[in-house]
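Order of writing sets the labels: A, B, C, D, E and F. Residues in every chain begin at 1.
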Amino acid sequence: MTSTPKLRLGLPKGSLQETTGKLFALAGYQIGFSGRTYYPSIDDSEIECVLIRAQEMARYVQQGVMDCGITGLDWVLENGAKVDELADLVAPWPNYRPVRWVLAVKEGSPFRRVQDLEGRRIATEGVGLTRAYLEKHGVTAEVEFSWGATEVKPPILADAIVDITETGHGLRANELRELDTVLVTTPRFIANRGACADPWKRAKMERLVMLLRGAINAATRVGLMMNVRRKDLDAVVKLLPALATPTISALADESWVAVNTVVEERLVRELIPQLSQAGARGLVEYPLNKIVD
Amino acid sequence: MTSTPKLRLGLPKGSLQETTGKLFALAGYQIGFSGRTYYPSIDDSEIECVLIRAQEMARYVQQGVMDCGITGLDWVLENGAKVDELADLVAPWPNYRPVRWVLAVKEGSPFRRVQDLEGRRIATEGVGLTRAYLEKHGVTAEVEFSWGATEVKPPILADAIVDITETGHGLRANELRELDTVLVTTPRFIANRGACADPWKRAKMERLVMLLRGAINAATRVGLMMNVRRKDLDAVVKLLPALATPTISALADESWVAVNTVVEERLVRELIPQLSQAGARGLVEYPLNKIVD
Amino acid sequence: MTSTPKLRLGLPKGSLQETTGKLFALAGYQIGFSGRTYYPSIDDSEIECVLIRAQEMARYVQQGVMDCGITGLDWVLENGAKVDELADLVAPWPNYRPVRWVLAVKEGSPFRRVQDLEGRRIATEGVGLTRAYLEKHGVTAEVEFSWGATEVKPPILADAIVDITETGHGLRANELRELDTVLVTTPRFIANRGACADPWKRAKMERLVMLLRGAINAATRVGLMMNVRRKDLDAVVKLLPALATPTISALADESWVAVNTVVEERLVRELIPQLSQAGARGLVEYPLNKIVD
Amino acid sequence: MTSTPKLRLGLPKGSLQETTGKLFALAGYQIGFSGRTYYPSIDDSEIECVLIRAQEMARYVQQGVMDCGITGLDWVLENGAKVDELADLVAPWPNYRPVRWVLAVKEGSPFRRVQDLEGRRIATEGVGLTRAYLEKHGVTAEVEFSWGATEVKPPILADAIVDITETGHGLRANELRELDTVLVTTPRFIANRGACADPWKRAKMERLVMLLRGAINAATRVGLMMNVRRKDLDAVVKLLPALATPTISALADESWVAVNTVVEERLVRELIPQLSQAGARGLVEYPLNKIVD
Amino acid sequence: MTSTPKLRLGLPKGSLQETTGKLFALAGYQIGFSGRTYYPSIDDSEIECVLIRAQEMARYVQQGVMDCGITGLDWVLENGAKVDELADLVAPWPNYRPVRWVLAVKEGSPFRRVQDLEGRRIATEGVGLTRAYLEKHGVTAEVEFSWGATEVKPPILADAIVDITETGHGLRANELRELDTVLVTTPRFIANRGACADPWKRAKMERLVMLLRGAINAATRVGLMMNVRRKDLDAVVKLLPALATPTISALADESWVAVNTVVEERLVRELIPQLSQAGARGLVEYPLNKIVD
Amino acid sequence: MTSTPKLRLGLPKGSLQETTGKLFALAGYQIGFSGRTYYPSIDDSEIECVLIRAQEMARYVQQGVMDCGITGLDWVLENGAKVDELADLVAPWPNYRPVRWVLAVKEGSPFRRVQDLEGRRIATEGVGLTRAYLEKHGVTAEVEFSWGATEVKPPILADAIVDITETGHGLRANELRELDTVLVTTPRFIANRGACADPWKRAKMERLVMLLRGAINAATRVGLMMNVRRKDLDAVVKLLPALATPTISALADESWVAVNTVVEERLVRELIPQLSQAGARGLVEYPLNKIVD
């Protein structure tokens, strides 16, 4: 039992956790987040999981305490961590969509550009990100670590903030105005450099990443099946998006063929009326679990 | 940005809201009901949504404040609204099933027919519906608007009620007896008559209705795939419901064919044992997202 | 109406109830557990349901009060019930997985084998199971019925317990040590012997069991579709699990074929990388509702 | 049993209900709002309770269906009901504080005074109140009944609204601006005129009102006890609010007296430092249940 | 530490638990029911608590595993336990009020008296209680242990039941009719007979019982203070319930006295109007924590 | 309006918030924490409140952004803030009791004393506190800021931690062993030094602190009233705790006196049996709101 090699995988505690668990389930791995433990079970005896805050993940992956982990690009940069990125896991799910760190000030305040904040106080949970950003713009300001509720600090407790937002709703609700985007971040699969150099760990991580991507691909796509007269086939196939190679199969009735393909779900609502008009019949859309090209 | 034409769509606030959101998601539209706003977002820049009570929807669609909306037939009639109906959206989901407005009295009361209520007090949320119904039957009674909890009013606060019921459970739980069905109602897609006359709005609404119907169709049907020996094919196909045209494809083993079809889910539990007996093998039922014939 | 024959079906109240409802839904039957009633509705006019505690089910099936029912093997044995078992419904869902009755003592206690409990007090909800087990091992001990919270009784309120566990977590959390497994139990479909002798009831129960099994089969399997060059077909097919007979269909492009098969979901994460390497393209995994071989 | 005279008391269903239950409990009456019944129990065999919507209460009290009831002044006026008011039950509890019906428009709209709404559409749940108010100001406008969510209707669905607000927060959150206060309302104990003329019912209602008022009085007041040297007594007593007649009792140590009084809780935080400075010692504040002067 | 004598106190797990915790808090003992532990903490180093199901309490107290405990009289009798009862803790709180075990049958069934159940099946959680009751009435019937939901068993799963009820609501909701009361039960403080013979344990239990009773007394009573002219004193005192000895203190104004007394809360609503009429002024009701006469 | 002087008061966001709101309510101030605002309302027009994280409070009070605030001693020290402490608000309520920062390591680890951690990694939210503590003990170690879940870090993610604990339960649940107490902390009322020098602000803060303390005093004490024969008075009074000066009042019956006093609630359960034995009669314990000596 002790001789099995193990991949130590850091899973993000907090806002990314729930979606991460669902992503692994879609990819074929059952993770058991039971109650309070920080050592979730996984149904793969070659993997050991540890729950780690997204903010601290890159630090522990760099140190080699973990072989790999999932965390946001923002916290990789905030920690200045020297790790390898094996995949961008951006996906259309809660907390897996792109989010932005923005520089914002109170509506009605006189600040218009980052340069106007010279000498001012900026509150943020991302002190490192903010300092790097200010330096790039040649601005000197006091950056204070914020323990939370950053968005309510201007104008009394800070002159400006650098904070995270997905849609901008939270900023507007607090009557803040964006000055600039500091960073766009998405979840990443990161790996320790030593682990990448180990052939067994490298192969293990690559298979895992292939399945995670297969699940993410399926989340945004659907299957489409339809019957088409041979004479209409060209017109129908021409409507299908270029990257989808449709599977065309013979039917018992030789004047018809069946067309089966995979398309992005967001295109379907435009595509269906067009296919129908081009002669597709018995058009059926069905869900997918995984797609590996 | 301001030059994009827009379709103003009223979504029903209240009991129909949650299912309406799911219906649109199935049809391919993401509606964001965020917290308290009455202006939900939708991922189609050509549509603007407003949440409106089902009771008031037809009024605002008639006035042209909205181009179209979803509400029950009951409230269209209650308002006497002059609007066009583009689709009956009846579906096997909560609050989208048919519901009835019934005339009911207390168990043990002497009223047997609507005529027995001459001169009596009837409480209802649908004052207009009730008056029209009484008039049709030549009965004169006092119709009082009820602010809610109508079903507990007889016999103290009213002699009879006209109230909504899906299964009749609520009536029996309150020891009420139905005298008559006043109206059967289902959710409808209604449109302003001016909007129907505008070609762009008309086409936009028709595509939307096609996708909503495609999703409703898929909700009650499933796909069935099976392999069949050529010699058994006729027997198998004969078992399939008439309206389903099965797709029959050639297999590598030429003595077999694959049969793929769509059937109503409620028939499957009878069909599967019969198909199995007729020679179908490797019978698989799978879910569908949309069906457009 | 009174002349329709009816199958009286006992559904298990308690921990098995929720999953049982979902299993029937997957099999195509809608059961309505409305609030407090013990007579759930079912959308099959030939079946009447009654909610009965799993502990009492076998008693009422044996007596013929019920024609059939679902309960654990443990309670069939505890009651010593003379009933027929038509199916083992073990499934990968909450409370439908195998669970064990174990003999356990406090960590640090001197008991090592069941024989060490001679003359001691054992608390359990399964007094009959425990007595049968002790008898088989030739041990005499006092078996006390426990009204609950059995796992906290050692060492003050009992010397040992016989209690149910799925993963052993609960035992360890209470610092208990397993001495032996008394019984492994799973949910069973049991039938009254008289009902089995009645042809109509027998056929009705067999169709029901076929659909329940079809749904359970689908819960652990998925569909896989892929396109393969004819020259790679043998290599690809060889990778597929033996019991899956793939459906191979001709494509318009004659140098390719489409392969469609059903595999156990737990194998997919190993299979996909191998299929990809063997030449499978456009690999798609999709969900299934029912499988009947 | 049937010969006991009964007082039929209407209790307000909805926002006033919970506080009404607590008020009766403080007054010494236990009302049992069990689940779904509209006929709550009360531990006084001479009273029968019915839950009635606040909007409909005055109608049923006027008709004599109820002898008395609790509802807001607003709904008494909206119904134009001819009933007697026995008490204003305003109290510092949720929904028992004064609330205002206000005329409001969207921020940024051109309307400044009620007169600017001539010919416009006003949405409100209080159609009668609003019409009376407009008439008083000589304004003609279209008043539309609103089924709810009135505050989100301007500017699309209405030009102005007449709606209820306690603090004005809700209006500001919806970016509405108040033009005028239409009515200030508080909960009232109302009685049918015939019931008031019945000596037994009259006396019963008056005792009930005395206890309800005793409980309301106690909710805003506290007891204060302190010891004072006889020489400081005048200075201390002078600080006490005029309406409180303190009880001054002799102590074993004759140079001291004990002072016990009742004061409004909101004054205590100013009073305690002053009393302490004037020589009060061992100052203790304690809670009260009822106060009847 | 090990030399401190300890009183082992069993606290009832289940329906009595929450109120028991509050009763001890009122008596001055803080019990910490933290999450899942069955060994609650108590802020008295001379007491050790164990949570035990009410059904099993008497068994463990009789065996001396516990020195004392709180459980219902019903379970003392069901177990036929030989223990001493130190107090009846009946109190006006949830689950501490008297409850009845009743014999009940389905409405409409032919059974009128216990004698009609000769040879029938009776389901109950109190098998011992029921057998003793039947024996007393000379009736022979089959008594089956019920694992729960006893009230829904007639008429299909049992002919009659013996079940617990506080108000009878549950019986009526299940359309059951009471035939007889089998037992009235209240919570009791029971003690092991050996523990009662130990002077230290005896004294410890008696002080504990005194404080529990002091808290229960206060729960149903309130303090009343009022000022009365000396000439009205007799009339006022005569109105006070006999068992309350009022404290009459001299006031600075010698023509008045202050009267302070304790009365049952349920009498207050009758008393206050009478006292007011007899000349009591500045009448104040205030809450109490404990009363020890 | 602008000329009213204002006291800017920081209220602690987070674990202290709820109890702080209740403390102010007991002291006579209603704070309105409505939903999401960070500027709670308070019913004193001379005070302005801001919600601030306990960790940041001292920083903003030192800077003069706030005049005063409530936060833990720990965060005052962590920030090294130069502020005045006006009161220790320790109280027997959730999060207002003393809590400890402790140095802890994994059970079974070789570390016994702080000196054993030389060169090791210590994770903590209190980096400043920990560095000061290590320096005092002459130990050099790497102190890493922990974003949370500190207690699960040993032994993988850290060698030791410095973390907060009230009872030690959390440490034991995570199998940690305490090496030392780093700090005992309680909530403090802190003030800006400039604000203390302003007479109006100083007086305002002192009155506020007097009322907060009055409420805290009452939370742990109760009133006791009893009647005593003059001949037993000395014996009774001798039992009362020294600091309580009882109020002894004359009764109409001159052989008795009434004794009224305030005692700590935790002493009552010992006191009542003794007072009863010494001759106290009609002993009544009652609750208090505030106590100012």
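As a convention for this text, a contact is a pair of C-beta atoms (placed from the backbone, for glycine too) under 8 Å apart; a residue touches a chain by one contact, two chains touch by 3 or more.
In this text the structure is predicted, and so the values were computed from the model without any measurement.
Asker: Spell out the chains that contact chain D while also contacting chain E.
Answerer: Expected: F.
Asker: Interface overlap for chain C and chain E, more than half of numbers shared or less than half: same or different?
Answerer: Counting shared over all numbers used gives more than one half: same.
Asker: With centres defined as the mean of C-alpha atoms, identify the chain lying farthest from chain D.
Answerer: C
Asker: Between chain A and chain F, tell me the centre distance in angstrom, where each centre is the average of that chain's C-alpha atoms.
Answerer: 44
Asker: Just how far, in Å, is the C-alpha centre of chain F from the one of chain E?
Answerer: Taking the average C-alpha coordinate of chain E and of chain F, the gap between them is 37 Å.
Asker: Measuring from the mean C-alpha position of chain B to the mean C-alpha position of chain E, what distance in angstrom results?
Answerer: 54
Asker: Could you list the positions in chain A whose residues touch two or more of the other chains?
Answerer: Touching at least two other chains: 249-250, 286-287.
Asker: What are all the touching pairs of chains?
Answerer: Going through each pair of chains, those in contact are A-B, A-C, A-F, B-C, B-D, C-E, D-E, D-F, E-F.
Asker: Along chain A, where are the residues that touch chain F in the complex?
Answerer: 13, 38, 50-53, 55-56, 60, 65, 144, 146-149, 152, 156-157
Asker: Once bound in the complex, which stretches of chain B touch chain C?
Answerer: 169, 222, 225, 227, 249-253, 258, 265-266, 268-269, 272-273, 276, 281-287
Asker: Using the touch rule from the top, collect the residues of chain C that touch chain B in their complex.
Answerer: So the residues of chain C touching chain B come out as 27-29, 34, 43, 207, 210-211, 214, 218, 223, 245, 247-250, 257, 260, 262, 286-293.
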